[in-house]
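Structures incoming, each one as structure tokens.
Both complexes shown next keep chain A, but they swap its partner, so chain B is in the first and chain C is in the second.
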Partner chain A sequence: MEFHARNLADAIEVRLTGRLEFTDHDRLRDIVALLDGPNLRRFVVDVSGLDFIDSAGLGMILILQEEAEQKNIKLVVRGPRNDVKRSIDLAKIGEIVTIEY
Partner chain B sequence: MAISLDDCRVLIVDDNEFNRKSLSLLLTRSGIRNIAFATDGVDGLAKVETFRPDLVLLDVAMPRMDGLEMCRQLRSDPRNAELPILFQTALDRDEEQVACFNAGGNDFISKPIRPGECIARVRHQLERRKLFRDLTAFRERVQKELLHAHAMQISLLPESRSIAKLGEIYGLDITSHFETSSELGGDLWSIFEVDADRIGFLIVDFAGHGITAAINTFRLHTLFERSSVSRKDPAEWLTYLNVALKEVLPTGQFATAFYCVLDKQTNLLTYAGAGAPNPILCVDGELTLLDSSGLLLGISHHAKYRTQHVLLPPGGFLLLYSDALLECRGVDGAPFGQEAVLAQVRKMVAADRRPADPVSVLLEPFLEQVSRPLRDDLTLIWIGRR
Partner chain C sequence: MPGTGARNCRVLLVSEIDRASLAAALREPCSALVEVVADEGPVGDWAAVAISTTGFYVSLTTGTSFGLQMAALVSDELVSRAVISREQRSVIELCLQEAVANAIVHGNLGISSTAKDHPEGYRVFSQLVNERLADPMLRRRRIEVLTRWSGQALDISVADQGDGFDTSLIPTEIDGTSRSGRGFVFMRALAGRVAVTDGGRCVSLRFAL
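Let's look at the complex of A and B:
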């Protein structure tokens, strides 16, 4: 997985591309660190460029959600499609995390 | 890192007595007490056998067999593949030194011997050997422990004898496949006798694989034994497992699951899912994907699960599987996906609705293409009604 972060007014948008899976755990730490940015209200994870997510990848989204919640930052997962959308829907991640389709 | 050289054994192979004595004196002064001598290559090979040195200090030019040949012969024996061999040579041309390495030497010291350099190189080789041995011992111990743990993990699964017995009682043919991607895995499946007519099947896949995921399968299995919660109602059983797992699992660890109960009198299959792959139901040759969506187990105390119903009359079957089956990649590098799995089941049903070992028939084309070990743990359970 590759990611690119972009600063907006009171938000950070992180765009993920490739495959989000077991081997990306180290990368997650870098994304979690972005939550420490100043005056952050929203944290948008754009997954529209993601081709695949496995259960470990879903776990990473849940970890991000918990970290964001503790810092009072609203986490939004945006634009899942195809296999990624199927996996997110199957696991009902939408009950825990805000998903924007 | 300075280690004690007290118990290190060094063999000096040199045809010159003066050299043997002066090397031995140097080694003794640095704390090495176990020293043996050989006067040529033939003698040296014999001494390696009897003395079992930790390091050989080897002269190059000697009568009968020279040092290079002795080194080559030592290296051809796997037992001596890692034995440190230090050449001592007066030859200082590049190709002569390269010949020492090509023969299998680890390093060389130049003659005339300089005491400081000699001891430093000996020490370096002995320390490397000790580290290598420690690592090898560690690896062997872990491998042995993992092997035991693997056997323990297999013992969590239903035994073939009890599967056959339950098959007789409930009129079912049950076959399964369980393969972990490393010694230990995060998959688990189980059968529950609900009452005289009803039998329950659970398939669970913890996120990730390896030791962490495997420990979670043991945690879950303990919950089966301990709980008196009814397994009649799938949503209720998943709700119980979810809350119990939420108590013990850290964030980021969770499981997908599917649980179903089959009633042999009414043909009713009741089921609930927690994000497991969609099971495949076959009734009268028609295939359907069952809804297995549901919040993953162990994420939220408030997760709600929904029990659904469908008929599974005699002659039909249900196929449960872990997502590794969908994510297995073929020769083209692309995952097989749901369509390929459905197509394979359809093909099997068309050829023979009830082969003797349906799981093997289904898996054959997949396992032919994937490379071992698998990237993820693979479980399949085929439940056929007689």
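Let's look at the complex of A and C:
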């Protein structure tokens, strides 16, 4: 998985590309660190460029949700498609994370 | 990577393999692909595997298989051999991914899913993965994937050399907050049949063709 972060007014948008899977925990630390940005109200994880996500990758999104919640930052997962959408729906991630289709 | 140049071989022995060379090796007309490790001796687990023209077997060390996207490569090969369609591929890849990930992380590396169950758990988990991948004994443990197919079904088994686990603890359902168990729920939702044998060291998946 590769990611690219973009600063907006009171938000950060992180665009993920490639595959988010069990070997990506090291990169998660770098993404979690972005939650420490100043005056952050929203954290958008754009997954429209992701081709694949496994259950460990979904677990990483839940970790981001927990970390964001602790800092009173709204986390949004944007644009899941195809296999990624199927995995998110199967795991019922939308019950606790805001998903923008 | 000695051996990959041989055509019409039935068992391919490889060493120092990376993702590209694994993909190339899988395209060879072989029934078994076994990573050979220096000083491991001439006979590995692969010796007992039945040679078949309607299936193939891959045996890699944990150190090699980590990060190689083995599930994707095996699924690609199944499409290439016209065993499955591109439409079936994504379901099979996800199930195989979950089985391989469990075999590597919880099986051969011996990392419990509870490692994530506390604040900063993901950092601990990540550190454990890196530490155990650096352990020569754990790196050398094998991940074995055996595929077999008939006209009606595709069977895939994934085996590890870990300590196994109590299979009665596998969750049957999850909600959005569940910290673990999604992999098995995915497999049960998407595969025609899921069986866990050998004390949790082997997961067998069946898909209708």
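In this section, the second predicted complex is superposed on the first by the 101 of 101 C-alpha atoms of A that agree within 3 Å, B and C clash if a C-alpha of one lies under 4 Å from a C-alpha of the other, contacts with A are read in each partner's own complex, and residues count from 1 in each chain.
Simple rule for what comes next: a contact is a pair of C-beta atoms (placed from the backbone, for glycine too) under 8 Å apart; a residue touches a chain by one contact, two chains touch by 3 or more.
Please read these numbers as outputs of a predicted model, since none were measured by experiment.
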> Does chain B (first) or chain C (second) touch A:Ala68, or do both, or does neither?
Replying inline: neither
>> Tell me which touches more residues of chain A here: chain C or chain B.
In response: C
> Just chain B (first), just chain C (second), both, or neither: which does A:Asp89 touch?
Replying inline: first
>> For A:Met60 in the superposed arrangement: first (chain B), second (chain C), both or neither?
In response: both
>> If we overlay the two complexes on their shared chain A, which of chain B and chain C does A:Phe22 touch? Say first, second, both or neither.
In response: both
>> On chain A, which stretch or stretches are contacted by chain B in one complex as well as by chain C in the other?
In response: 22, 52, 54-56, 58-60, 62-63, 83, 90-93, 95-96
>> So in the complex, the part of chain C that touches chain A is made up of which residues?
In response: 66-67, 69, 72, 90, 93-94, 97-98, 101, 104-105, 116, 122-123, 125-126, 129-130, 174-180, 182-183, 185-186, 189-190
>> So in the complex, the part of chain A that touches chain B is made up of which residues?
In response: 22, 52, 54-56, 58-60, 62-63, 66, 83, 89-93, 95-96
> Once bound in the complex, which stretches of chain A touch chain C?
Replying inline: 19, 21-23, 25-26, 28-29, 32, 52, 54-56, 58-60, 62-63, 82-83, 86-87, 90-97
> Taking the complex as given, what residues does chain B use to touch chain A?
Replying inline: 205, 207-209, 251-254, 256, 275, 277-278, 292-296, 299-300, 303, 323, 327, 335, 337, 376
